[in-house]
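Starting off with a structure, shown below.
Chain nomenclature is as follows: A, B, C and D, assigned in order of appearance, with residue numbering initiated at 1 for each chain independently.
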Amino acid sequence: ELGPFTEDLNKTKPEYLKSFQYENKLMPSTWIVIRIDGCHFHRFSEVHEFEKPNDAQALNLMNSCAAGVLEEFKDIVFAYGVSDEYSFVLKKESQLYRRHASEIVSAVVSFFSSMYAIKWNEFCPHKEMKYPPYFDARAVCYPSCEILLDYLAWRQVDCHINNQYNTCFWMLVKSGKSKSEAQHYLKGTQAQEKNELLDQLSGTINYYNTLPLMFRQGSSVYWDKETKMVDNEGGGAGKSRKIVVVKHCNIIETSFWEAHPGILDEKHNDFRL
Amino acid sequence: ELGPFTEDLNKTKPEYLKSFQYENKLMPSTWIVIRIDGCHFHRFSEVHEFEKPNDAQALNLMNSCAAGVLEEFKDIVFAYGVSDEYSFVLKKESQLYRRHASEIVSAVVSFFSSMYAIKWNEFCPHKEMKYPPYFDARAVCYPSCEILLDYLAWRQVDCHINNQYNTCFWMLVKSGKSKSEAQHYLKGTQAQEKNELLDQLSGTINYYNTLPLMFRQGSSVYWDKETKMVDNEGGGAGKSRKIVVVKHCNIIETSFWEAHPGILDEKHNDFRL
Amino acid sequence: ELGPFTEDLNKTKPEYLKSFQYENKLMPSTWIVIRIDGCHFHRFSEVHEFEKPNDAQALNLMNSCAAGVLEEFKDIVFAYGVSDEYSFVLKKESQLYRRHASEIVSAVVSFFSSMYAIKWNEFCPHKEMKYPPYFDARAVCYPSCEILLDYLAWRQVDCHINNQYNTCFWMLVKSGKSKSEAQHYLKGTQAQEKNELLDQLSGTINYYNTLPLMFRQGSSVYWDKETKMVDNEGGGAGKSRKIVVVKHCNIIETSFWEAHPGILDEKHNDFRL
Amino acid sequence: ELGPFTEDLNKTKPEYLKSFQYENKLMPSTWIVIRIDGCHFHRFSEVHEFEKPNDAQALNLMNSCAAGVLEEFKDIVFAYGVSDEYSFVLKKESQLYRRHASEIVSAVVSFFSSMYAIKWNEFCPHKEMKYPPYFDARAVCYPSCEILLDYLAWRQVDCHINNQYNTCFWMLVKSGKSKSEAQHYLKGTQAQEKNELLDQLSGTINYYNTLPLMFRQGSSVYWDKETKMVDNEGGGAGKSRKIVVVKHCNIIETSFWEAHPGILDEKHNDFRL
């Protein structure tokens, strides 16, 4: 019944309608970073009773999804996550979706979201998911390795600053202060003062440094040689293979990058599949 | 331990690093369409044994997720879906995410994907999801209502053409032909010939028109007045309310749009919440 | 001597180097406006001793260049100019440079600039051009005729407001006030007060309305039927032809557009060459 | 008379109308190249009887305008021109027009065009300019110095290839062949064959290398220390100053860039004004 109209339409219109699509290619030979951020995750974390200031289960879920992203999209060479945010770094010469921003951004965030929902029960076994979580995402390009590392350092610094603040804030709240009192109390305090406050409230010297590395340094995800012997199919003498690892290391200092030259430099990368 | 470096970095770099973000605002006063498409869904449908040429459960799952999108994003006034594809239409004056393409595209596709994973068991109760499905997405703007309707008509025509072809193809395959024989057989056939072929293979006159409307016309999703009396909290005399409906109507002909003037025209829309 | 290197380079690189070009197509079926603006024209007008607040010679030069632009680029259907600014409107379906923003913008501003330099002596015969004037330019699209007319009305309103202010300002200065006194004096005054001030300073009732229309309404440039009889090659009975005209009319009111339906509506336009 | 409408319009519309402007910022920390190209210069060169295959006067005019561009836009550190094309390189950290593509492109091409018209008589003293020449222009960014140099090398290789072809072509035409015969004759010939052909037609060994460097290598424009003693205001012992120079050097080989480290590297650049 769509017949006659159909024939007519199909002959003349599709090219015209496609002409409204615009091209948004990301500059060649630059480092593409896809950053995803939880939408309304403040509410999501409350409804699902995430522990404050950090919920290890929820963070592990994020990390597991990020690892899945690296396994699915081979051009992603590194990811860094903190809180409800994750940054994915594509190798400089990646031709994923011919570098079309919209396709890259949407495929990555869609895969991540899908996996988040699927793995929820595994990581939060005693919590029912009340409604679908979702993330927004964007692509940013950096023209040099130096600026890319500055970007990653910035995210890790942000992790540290936010975590220190949040740790103080929630410790004050747990000590009986209201949220606005806690906020007022912390306004304008320096890093040093916050550390002293934490020591005092906890009764522990250098309390902040006793917190898990994941809370303080965020999570880095990348392909690495498996260090254990791999006993694959009838053994054989200690073959190594590459696996995606999640670590909580200092990525601000260059020593991390020097110890893992293959992450950003393809020339060191020939052992990747 | 991030201390001194941190302070230095944070003072100088963030603005510089943010300056690499580029703005991609969609033109004001135009109709934004977000179209999502399944990534590698050919394989996904095989692994999960979707019925061919149409799997009603899988389509109902898509439709349910689309309805969820309309409930979450109030600026989306219409959606049209077929196969593993869905188009979401935002109202012309929408300020969702201040019309930033990346945010709109990513939030919609992320929400849809998340919901797809969550609702899988409800719609495909006897199938285990083997791996995460995902979708790519893009935004396209249309400057006038006429061109928007041409776009939607194009998608519905595509639905019809593909469905007719696929129905023939799979009927031939089920009749014993190989896939490449079926393909060869259909090459260059016109709509009329395909209909005759279907009648012949099925032994039913006008077989194509006996197929479910959902397969032939795709699915349209929009807010509509609930027709039944609503007995909300202590009755009251038949108040109506708006709900998201999924219909399988002809959206090529103007009669649909004339019967639902509130969908595209805000002036008729004041009864929306 | 470039030999061997040359051969090598030419085989491998051009496609890669071209891949850095990005596409910036303007949305189909929208009204493209190219607006050019004098760069550092405040200084240019001082160095070349333009009359204040309006220099008729300089405005006529601008108008003549704009008319030349319409003759060169047939897709430009209307132009509106005031001071050192000109807006050129391309017809909605224009395919000029396949709607690539950079090419359209650069070609128009380049042609205009070239012509400005060439025609200088004709319009400012007793002034030497001391250094090259130049203009910046940008493209903006409007999705509907209504918004396009709002844009043009906005420019004409701006013309009026600026002209009224500048007329007062320079009259105060000529009456002996310093520039900063004049500025201070006018701060916060309404249209009505400015008109009264002008009447008072000039000793003329309704002085503002005695000023040339070009100063008060700016200049509109478009193709129109020549009203006079054209005596082309051996006469013949009063054939009309189209020429580019420069008028100083009110383009805020719809009457202008109703009287010239062919400017924006191609259906009325078949008599254009 | 614009009164009441005016007030109303001006209060509500400008922000809305400005919202249609889109931002097109060029990526920070990349090398911006503005390339201008003559529009319809084939015809322009015929109408103005440029010598074939190269007109030294016309090239000198292009070069003089390019030098003017460098003097006006201090962020442009290098320019390379051949035929009716010129590429202008902005320093990597340039904030010219806050890196807005449209403004940079339009201002450069406008200034160049204006200067071209103004200087015409100086360089082509016995030729009347028949109509306004104009250029289109575009911006391209390159993320690294290496790719930028590849770009410039590509343009110089193109210069060489085109010039060799054109020299052969016009020598054949001058020897009595028709244009299409000459074209046919040259089809598929290699560089070596073309050189032999030139030697044969001219009766000169290595004829190609006797041609002026400007024809074979194009023109490079940059700021350099003036080598002569400068006798500024009462002498003083040989102070140097920077001036814009036009040279015809090999920019494919790295030796040029090593000999002029200040062009691309700001650290060597502190003697620039």
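Please note the rule applied: a residue touches a chain if its C-beta (ideal position, glycine included) is under 8 Å from a C-beta of that chain, and two chains touch if they have at least 3 such contacts.
These numbers come from a predicted model, not from an experiment.
S.K.: By mean C-alpha coordinates, which chain is most distant from chain D?
M.R.: Between chain D and every other chain, the largest centroid distance is to B.
S.K.: For the two copies chain C and chain D, what rotation in degrees overlays their C-alpha atoms? Round to the nearest 5.
M.R.: Value: 180 degrees, nearest 5.
S.K.: In whole angstrom, how far does the Cα centroid of chain A sit from the Cα centroid of chain B?
M.R.: Distance between chain centres: 28 Å.
S.K.: Please report how many Å separate the Cα centroid of chain A from that of chain D, as a whole number.
M.R.: 45
S.K.: Centre to centre, by mean C-alpha position, how many angstrom separate chain A and chain C?
M.R.: 50
S.K.: Which chain D residues reach two or more other chains?
M.R.: Where chain D meets two or more other chains at a single residue, that happens at 16, 20, 22, 27-28, 141, 147.
S.K.: Could you list, by residue number, the parts of chain C that touch chain B in their complex?
M.R.: Residues in contact with chain B: 27-30, 141, 143-144, 147.
S.K.: Help me check something: in the complex, which residues belonging to chain B touch chain A?
M.R.: Per the stated touch rule, the residues are 1-3, 5-7, 9-10, 13-14, 16-17, 20-22, 24, 36, 39, 68, 97, 101-103, 105-107, 109-118, 129, 132-142, 147, 150-151, 153-154, 156-157, 160-161, 191, 209, 217, 250, 252-253.
S.K.: Quick one: which bits of chain C touch chain A in the complex? Just the residue numbers, please.
M.R.: Touching chain A: residues 16, 19-20, 22-23, 25, 27-28 of chain C.
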